[in-house]
Each structure stands twice: as structure tokens, then as C-alpha cells.
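You will see two complexes here that share subunit A, one where it goes with subunit B and one where it goes with subunit C.
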Partner chain A sequence: MTSTYIATLELAAGAVLLSAVMTLWRRGVRSIVSMLSLQGVALAAVAMVLGRHEHENALLVTGVLVLVVKGLVVPTLLRRVSRLDPRSRESRPLVNVPASLVFAAALIVLAYVVGTRITALSPTSATHLAPLGLATVLVGYFMLVTRRRAVSKIVGLILVDNGIALVTFLLTSGVPLIVELGSSLDVLLVVVVLQFLMVSMRRHSDTDRLTEMKALHD
Partner chain B sequence: MIANVDSLSQGLATLLQVIVVALGGPLLVGLMAKVKARAEGRVGAPISQPLRDLRKLLAKERLHARHASVVLPLAPMVIMATSVVAVAITPLVSTHPLLGSSADILVIVYLLLTGSAAAALAGLDPGTAFGGMGASRAMTIGALAEPALLVAVIALSIQSGTSNLPGIMASTLANPQWVLGPSRLLALGALLIVVIAETGRIPVDNPSTHLELTMVHEAMILEYAGPELALVSLGEAMRVGLLFSLVANLFLPWGIATHDTALALALGTVVVALKTAFVAVAVALIEVRSAKLRLFRLPELLAGGFVMSVLAVVTGLVTR
Partner chain C sequence: MLIIAILAVPLAMTLVAAAFAWRAWIGWASAASSATFLGLGIWLSVRTLSAPQWALHHSLRADSLSAFMVVVIGTVSLLATLFTPRTMRQEISSGVTTARYARHYVVLMQVFITCMLVAVLTANLGVLWVSIEATTIATTFLVSHRRTDGAFEASWKYVILCSVGIALAFLGTVLIYYAQLHASGSAHSASLDWTSVMSLAPHLDPNVTRLAFALLVVGYGTKVGLVPMHSWLPDAHSQAPAPVSALMSGVLLSVAFYALLRFRAVAEAALGPAFPRALLLVVGIASLLLATLMLIAQRDLKRMLAYSSIEHMGLLALGAAVASPLAIAAVLLHVLGHGITKSVLFLSSGEIYSLEGTTEMDKISGLLARRPTLAGIFGFAVLSLVALPPFSLFVSELTMARAEVDAGLWWVVVISLVCLSVIFAALASHTRTMLMGAGAESVAPTSSPASITVPLIGALVACVALGAFSWPLQSLLLHAAQVVIP
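Now for the complex of A and B:
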């Protein structure tokens, strides 16, 4: 029982970080969004497995919420945004793909080195995995900084949010439901705003590359 | 006396392994060609076609390019010898072949690398444009695949506490829950990418093309004919067999012979053949589904393999 619990938890936490790295690897916006959806499902699995093991109903509810918002609603909205531009690809990131993958590897090692110091304070089978969440946060920041497309930047932001959620689930067995509700709905709101923004950006300047918007129009 | 009997039966198991891979490697190549042909709606050549090709080539006369040095006839022997040694010491059919104690995974990696280096030198030797181009490309791919391979190997040895292949397999047999752990799965992903790159399969290289702009491995061995081509092809086929069955055994070690009775060895042979055929069919289906990557996109694929293996190491350390 405990060994399957640990194994499932490890697998789900590993899947969260793997899907974060995959978003750096893939170029097509559609496949990036499906990686994000996979990450939402894995994050929900982490919450549910923890909730079941610790008998915390709030965590189970949070898991369902994460599954619906981050696994289904946000990816669907992002897909709809990317459909505005069918050829949407992250064609010229500021750091090219192989270099950013090597960078991601370095960030993961950094997260491990720093994270193990923190988790050594209270070693349980769940807290041991916290460095994976930390690494997800760092990869998310990296994506946020180096990608040009608006959709990719939002994906980076959601990666950061998912990473923070993973760390809180693992370290504290979950934040109060209301806080998680707040942050999940926050992300949802950001995506909705992005959708409006993208539509108007395309109408005005026919691009969604943020770096190409340097001057103000009348 | 008992030690002698032991090493005799170990020696027989080792010999069995070499024979199985020497026959099975070409059959594996034939099987992949057949699966691809069927998936594309063709009948395809019979699975034994590579073996027949070998027999045909062995009957032909030896021919060398006029400007070739001693490297050209020497390279096939190096390729063949490294493949045979690597197959002999790797635990494929039995967990403890003769010299199994020296079957460190790094030894296997560098034995195979010696073979690739010999092939690249042979490509450069006759001084043709294609050979040089193929050699340069093969070495580029090899250099990019190397870090991913080594880090994936580290991930495997962290869990088992040893980089000795029989040791890794024994500890996997003792701890079956490792197989579905995130570290193992990530290492498997990274190793699959590396194996596809090292055996020159489709997203990286197309083994059935002779188009000058895209061929990598075929360009290197373009100057070979007759028995030497047979030796190179057999060496390469054995390498394919070795890498596929090694991946299969590292991640699903069940069925391998743990002692040297005839029954266990027979069972081990059948099981390893089935597992390897499964890997080969999977790789062939990947080949059918995907297009060959542009050469300049290859670093992306192999960097992906590298970051996966780094992830495997970190999750292995975290979950230990």
C-alpha cells in the first residue's frame, strides 16, 4: 500500500517536471499546450494521491479543481487562442532549442542542489520530491524569459504556477482550499485576458510576437 | 575442478550469445524492413533477406579503391571484433557470461565507439567526397549522442549502486518496482533516442537511402564491396541486436538465464529474442510514422535525450 503510494507519487511528480521540459523541447504551440494539459493532469494526480494517503478531503477537492481548471479548461482556451494563427510555432526563441534544453538541465541540477538542503529539514517520502517542483518553477521562468510568442509566455507563467503548487502540495500537504481556488482562478483569468489581448493584438499589428511591439500607435 | 566446469559452461553460454546475436542481428534488420514494408502496404523481402545478402557478398571477390590505404581493409575487422567482444561480455542470454565481471556499461559504450571510429576512418580513407561527408556527419551525431548516453548510464547505476551490467540486472530482478519508477522510464526514453541515433534509424538517418544529401552511414561504407561489406554489415547488424536486446534486458530483465543449465539457457534465448523483436517492431513503427529530421534539427532531438537523462539522474537521486 505505502509502496504503491510512493511509486504513484514519484511518477506523477516526475511527469510534472518532464512535461515542463517538453514544453521547451517542442516548437508547435499546439503540442506545447497538450504538454501543459498533461502537466495539469499529473499535478491533479499528485494532489489526489496525497489527499487519499493523508485522508484530507480538502486536498481531494483541490485535486479535482486542478484537474478541471489546469487539465481541461486552460488548455482548451489556449488551444482556441492558438487557432487564431494556424501556423503558430515558436520559430525564433531568444535562446535556441538545444541551448535552452542544456540550460534546463543546469536549472534542474541547481534546483536539486538547493532543494535537497530544504527537504533535509523534514524528510518524508513526499517532501523528498519537492526539488522537482522547484525545478518546474525555474524551467517556467526560463520559458517566460526566452520565448517571444504571447502564448508561450503564458505557458511559462502557468508552469511557474504549477511548480509552486507542486512544492506546496509536497511540503505542506496542500494549502487551504480557498488559496488554491484563488490561484487557479487567477490563472484562468489571465488566460481569458490573454485571449482578448491576442485578438486585439492581431487586429492592430498582425503579430503576437511581443518583442516586435516597440512603438505606441495613436 | 568445479571452477573449471563452471567456466566451461559459462564459456558455452558466451558462445551461445555470440551465435544468437550473429544470426539474430541480421534477422532483426530483416524483421524491421518487413514491418516497415507491411505498414506501407508492400509485401517486402523475406525476413531472412539480410542473411542471404551476407552469403552472396561473402562469395564475391575482394576489391579495393585504388587510393585506399591499410585502413580500409582493417576497419571491417575492427568493427566486427568490437561487436563480437561487446556481445560476448554483455549479459543478454545469461546473467553471467564469461568475463561478465568486466562488463562495465562504460566498457560496452566505448567498445561500440571504437567500432564507430573505425567506420568513420574507413569512410575518410579512400578520399571520396561522400565518404568524408558521411564520416563527418556520423561523428557529429555520435558526439551529440554521447553525453545523453553517459548520463543515462549514470542514472541506471545510481539506483543499483554499480555500473556493472550483470549487477544492474541482478538488482533490477531483486527490486521489480524500479522498472516503473520515473527515473527508469526517463532513462529508457533517453536510451531509446540514443539507440536510434547510434543504429542510424529514421528520425536520425535513413538506412535504406542512397540519396547523397541525406545518407550518413551508407555514405561511410560506400567504398566497400564483397566479403568486407559483408563483415561491415554483419558487425552493424550485431550492434543493432546488441543495443536493442540490451535496452530490452535493462528495463525488463525477466526471463534471462540466471544459471547455466541447458533449459535455462534455451528459455533465456527464446525470451531475449522475443523481447528484442518487440523493441525492433516498436522502432520500425516509429520509423514508419516519422520523417527523417533535417541534419541541423538533430541537436534538438539529442539535446532532448540529454535533458531526459539529466532528469533521470535527478529523480533517481531525489527518490532514492
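Now for the complex of A and C:
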């Protein structure tokens, strides 16, 4: 029982990081969004496995919420945007794909260096996996900084958020339910806001010029 | 009960604004709503002097610090909402917006104000995070209200940077919760509740708390407009309609700063004063220096005001770094003085924009000859902003400097003084060309309507009164300061 629990947890947490790295590797928006969807499902699995193991109903509820929001709703929204925007393929990232993957490896090492200090406080099989979440956060930041397209920036933001959610589940078995609900709702709203902005910007003028953020300066 | 009433007023106003199509009376009603919860906030402040107030099964909590923040939010929203009818009328008649978007605007303003009130009145540090993040969502649409390329770019930058920044603050909050779980030993006594966090704070693990506080400073620092994540601020503040800029600059930054004040107390209890002080000094001085450099060569009026907000937030961070009761009281007085002054400046710059059609300072000149009242208000507000006596910012900056010297941080005072002198010179020269300057001989002076001059002059008088007699506030300020000193 315990070994199955640990194995499932490791598998799901590993899948979260793996799908984050895959988003750096793939260029087409459709496959990137599939990766995000996979990540949402893996994240929900982490919450549910932990919830079942620790008999925390709140965590099971959170798991269902994560599954719906991050596994289903957010990817669907992104897919709709990418259909609207034929040029959303990331054709010229600031750092090319092979170099990005090398950076990702370095970031994972960094996450482990920082993470072990945190997990030393209460070493359990769940907290040991927390560096995977930190690594996902760092990969998300890397994506935000080095990718130019609007969709890629949204994906980076979602990666950061999923990474933080993973850390939250693994370290604390979830923050209080009200906070969890609030933060999931906020993330969903941010994605909706970004979508709205992309759509309105396209109606007005060249989205890419705007999202590269060049017009306003001192 | 009082706390619930304070939240119910703007919430009811939100529903009213959503239910009816845009009319001028809705604008006046929203001003009345701000005035009402400002009054209730003052009442709450008096009540909190004896004991913290609770509501809704201990999920809402008001101590003197929260009550003071309600007063700040109320004052600035009153000013901003008083300008709503006029701003909307001008925008609709000039075709910038339509009645439909005017309705969105009023609803979003009320949602924005409600979120800020929840942020300062919640008992839970997690809900604090949720409501500050929710302000980002409401204000994004307010920044893009004019639907120009610049407005969309500004709001895009704003939502991306602030969401990323505030995600760090969430990670920091989670780490505090993790440390709290470990310190309490059971999952049921840990809840991110302010009182329980503070009671466990001395037992929090130092390594985890150190990382958490650093994340919180960068994360909430993004919303405060502190270096290194400040770059959204000048764009958002320059593109938003004037009342929105007033609210964002006058209170939203301070509400995020309020979160930092609370977490600083937790960090000090767990780690001692040295680490939080070092971190706040670094971001404070960096923000001050950056703002000074950007203000020297600034050409745009609203961007100038935005960089001045970064300057003042830097000063707040320096005051919070000292964290003596005197310093925190001065920080709070500074929050109120800056909120009022900056709103007056943004609102009058909105008037200047509608008059001149530009916010480029090179293109505005001789304002004093054409619009003596408006120019006079703007001029005096700039004097208040650079902290000349008798305005309240003079008192609060002087008190912060004294607290810094008391704490042995005289070098901080030297750096601040140098920066403030340079900023003084820069703002004075920019303002002089706008107000005096040639090129307006043939135009007869026109007076501005009383509906805009009376509130602005009233606000400036309030700044002077706060500076001259801070006694009505003194006990509240010191009481509030004690809340965040462990």
C-alpha cells in the first residue's frame, strides 16, 4: 500500500515537471497545450493521491477542482485562442530549443539545491518531491522570459502557477480550502483576462508588436 | 457588524452599478458609497483603539492597522469617485468611450475598491493574497479602459508582471504556512490566520522563513512598485483614466505594502530584525535611486507622477526597515499623505489632459495664465509631494529620518536626502515650465468648475491639517504601529 502510494506520487509529480520541460521542447501551440493539459491531470492526481493517503477530504475536493480548471478549462481556452491566431507558433524564441533544454536541466539542479533546505524541516516521502515543483516554477519563469509570443507567455505563467500548486500540495497537503479555491479562481480569471486582451489587441492592431512591449517606454 | 457594513456598502454599490445603465447619478451614488464607508472606517478606527474587532466567525478581523487602511482607502476612493461623473461625461462626449463601457468602468471601480477593503479586513493571510491578486484582475480592465494600443500594451504588461510577481508572494505564503504547520505540530492549529501565525511566529523555522520573506518582498513588492519588478507601474499609471491612476497610485500600492508590513512582523519574530531590515533597505534604496534617475529627464506628466510613486514607496520601505514604533507610525502617516496628494495630482493631471490633449510636459505651458485655479492646485500639490512644510509628507519624512538616525542608519538618511533634493529640483523645474512658460498671452483666464476644484482644494487643506495637527491620528497611528511590531 505505502509503496504504491509513493510510486504513484512520484510518477504524478515527475509528470508535472516532465510536461513543463516538454513545453520548452515543442513549438506548435497545439502540442504545448496538450502538455499543459497533461500537467493539470498529473497535478490533480498528486492532490488526490495525497488526499486519499492522509484522509483529507478538502484535498480530494481540491483535486477535482484542479482537474476541471487546469486539466480541462484552461487548455480549452488556450486552444480556442491558438485557433484564432494562426501565427502563434513560437518561431524565434530568444533562446533556441536545445539551449533551452540545457538551461532547464540547470534550473532543475538549482531547484534541488534550494529545495533540500526546505524539505530538511520535515522529511517525508511527499516533501522530498517538492523540488520538482520548484523546478517547474523556474522552467515557467524561463519560458516567460525567453519566449516572445503572447500565447507562450500565458503558458509560462500557467507553468509557474502549476509549479507553486505542486509545492503547496507536497509540502503542506494543501493550504486551507478557501485559499485554494480563491487562488484557483484567480488563475482562471487571469487566463480569461489575458485572452480578452489578446483578442482585443488583435482587433486593434498587430498583437506581436504589442506583446513585445515596445511602444511604451521612457 | 461594523466590519460587515464597511464591506456591504461598496458591494451593494457594485450591484447597483451593474443593474442600471450608466447615468450621472450612479457616479454620484458611488461617491456617496465611498463617503459612507469612509465614515464607518473612522468609527471602526475609534472602536479598534480599545480592542480588535471580529466578524463572520473570525474570518474578518480589524485591528487599528486595518482600520487605518480602511480610512486611507475611503479617503482616496472618495476623491476618485467624485470625479467619475465628470470623467465619464467627457469621455463619452469626446467619443473615447460609450455608455456601455462607462457602466463596466463603474462596476469595476467598485469591485476594485471592495477587493482592497477585503484585503485589509481579512483575518487570513491567504485570503489577503487572494484579494490582492483579485485587484489585479479588476484593474487590468480599468487600465485598458480607453482601448488604445498604449492602453492594451500597458494592461498586458501589468497583468503578466503582477501575476508573475504575486505568484512568488503565494509561494512565500505557502512556505510560511509550511513552517507554521511544522511549528504547531498539527494541521488543525495552523490556518494562516493572523493571530495564530503571530503566536507561532517565534517558533517558525528560520531557513524556511528567510526564503519565504524574500519571496514575499519580491512578490508583494511587484504590486507595491518596488525595484526589481516595478516596470509595469509607469505604463499602467500613465495609460489608465485619471481616477483609476489616483486609486492605483494612492491606495493599491499601499494595500500591497500593508501585506509586507504584516509579513515583516512575522519575519522579525522568527528571524530577528536584521534580515528583514537588510532586505527592505536594499529594495527601498534601489527604488529611490531608480525613481530619482527616471524623474530627472522625464517628459511625460503622468509618468513623472508614476515614478514619484516608486520614490515614495521606496521611502516607505526604508521606514519599514527601521521598524521602530515611531518609524511605522510615520510610514502610515506617509501612506495617507501620499495617497491624498497623489490623487490630487493624478486627478488634476486628468483635467490638464482633457484641456491640452496631451500629457507631454514640453507641450504644456503657461497653464497658470489660462487656468489659474487648476494650475494653482497642481502647483500646491507638487509642493506637498516634494514634502515642503506645512504639508503632512514633510512631517512623515522628517519623522522617518529621525527614526532612521535613532536606529543608527544615518547613511540611509544621507542617501534619501540627496535623492529627495535631486527630485525636488527635477519636479520643480518640470512644473515651472508647465505652469509659467510663455505662449499663452492672448488667452483669457477661464475658471474651472467648482465640482472639481472644491474636492481638490479640500484634499490639499486636509494634507496641511494632517501636517499641522496630527494629534487626532497620533494615538491611532501608534496603536496601529504596535500591531506589526512583535
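One rule holds in what follows: the second predicted complex is superposed on the first by the 205 of 218 C-alpha atoms of A that agree within 3 Å, B and C clash if a C-alpha of one lies under 4 Å from a C-alpha of the other, contacts with A are read in each partner's own complex, and residues count from 1 in each chain.
Just so we're on the same page, a residue touches a chain if its C-beta (ideal position, glycine included) is under 8 Å from a C-beta of that chain, and two chains touch if they have at least 3 such contacts.
Just so you know, these numbers come straight off a predicted model, no measurement behind them.
Room for both subunit B and subunit C is found when the two structures are superposed via subunit A, with no clash between them.
For subunit A, the partner touching the most residues, choosing from subunit B and subunit C, is C. By the touch criterion defined above, A:L188 reaches neither subunit B nor subunit C.
With subunit A as the corner point and C-alpha centres for all three chains, the angle toward subunit B and subunit C works out to 150 degrees, nearest 10. By the touch criterion stated above, A:V64 is placed in contact with neither subunit B nor subunit C. When the two complexes are overlaid on their common chain A, residue A:H128 makes contact with subunit B while staying clear of subunit C.
Within the superposed three-chain model, A:L17 lies in touch with subunit B and out of touch with subunit C [touch as defined at top]. Shared-chain residue A:A105: touches subunit B; no touch with subunit C.
Look at A:T172: by the touch rule set out above, it reaches subunit C but stays clear of subunit B. In the superposed model, A:L72 lies in contact with neither subunit B nor subunit C.
With chain A used as the common frame, subunit B approaches subunit C to a shortest CA-CA distance of 19 Å. Shared interface residues of subunit A, touching subunit B in one complex and subunit C in the other, do not exist.
Per the touch definition, subunit B reaches subunit A in the complex via residues 177, 180-183, 185-186, 299-300, 302-304, 306-308, 310-311, 314-315, 317-319. Interface of subunit A with subunit C (complex): residues 114, 117-118, 120-122, 137, 141, 144, 150, 153, 157, 160-161, 164, 167-168, 171-173, 175-176, 178-179, 182-183, 185-186, 189-190, 193-194, 196-197, 200-201, 204-205, 210-211, 213, 215-216, 218. Partner subunit A is touched in their complex by these residues of subunit C: 124, 126-127, 129-131, 133-134, 136-137, 140-141, 144, 147-150, 152-157, 159-160, 163-164, 167, 170-171, 173-175, 177-179, 181-182, 187, 191-192, 205, 207-208, 211, 234-235, 238-239, 294, 297-298, 303. The part of subunit A that touches subunit B in the complex is made up of residues 3, 7, 10-11, 13-15, 17-18, 21, 25, 97-99, 101-102, 104-105, 108-109, 111-112, 116, 128-129, 131-132, 135.
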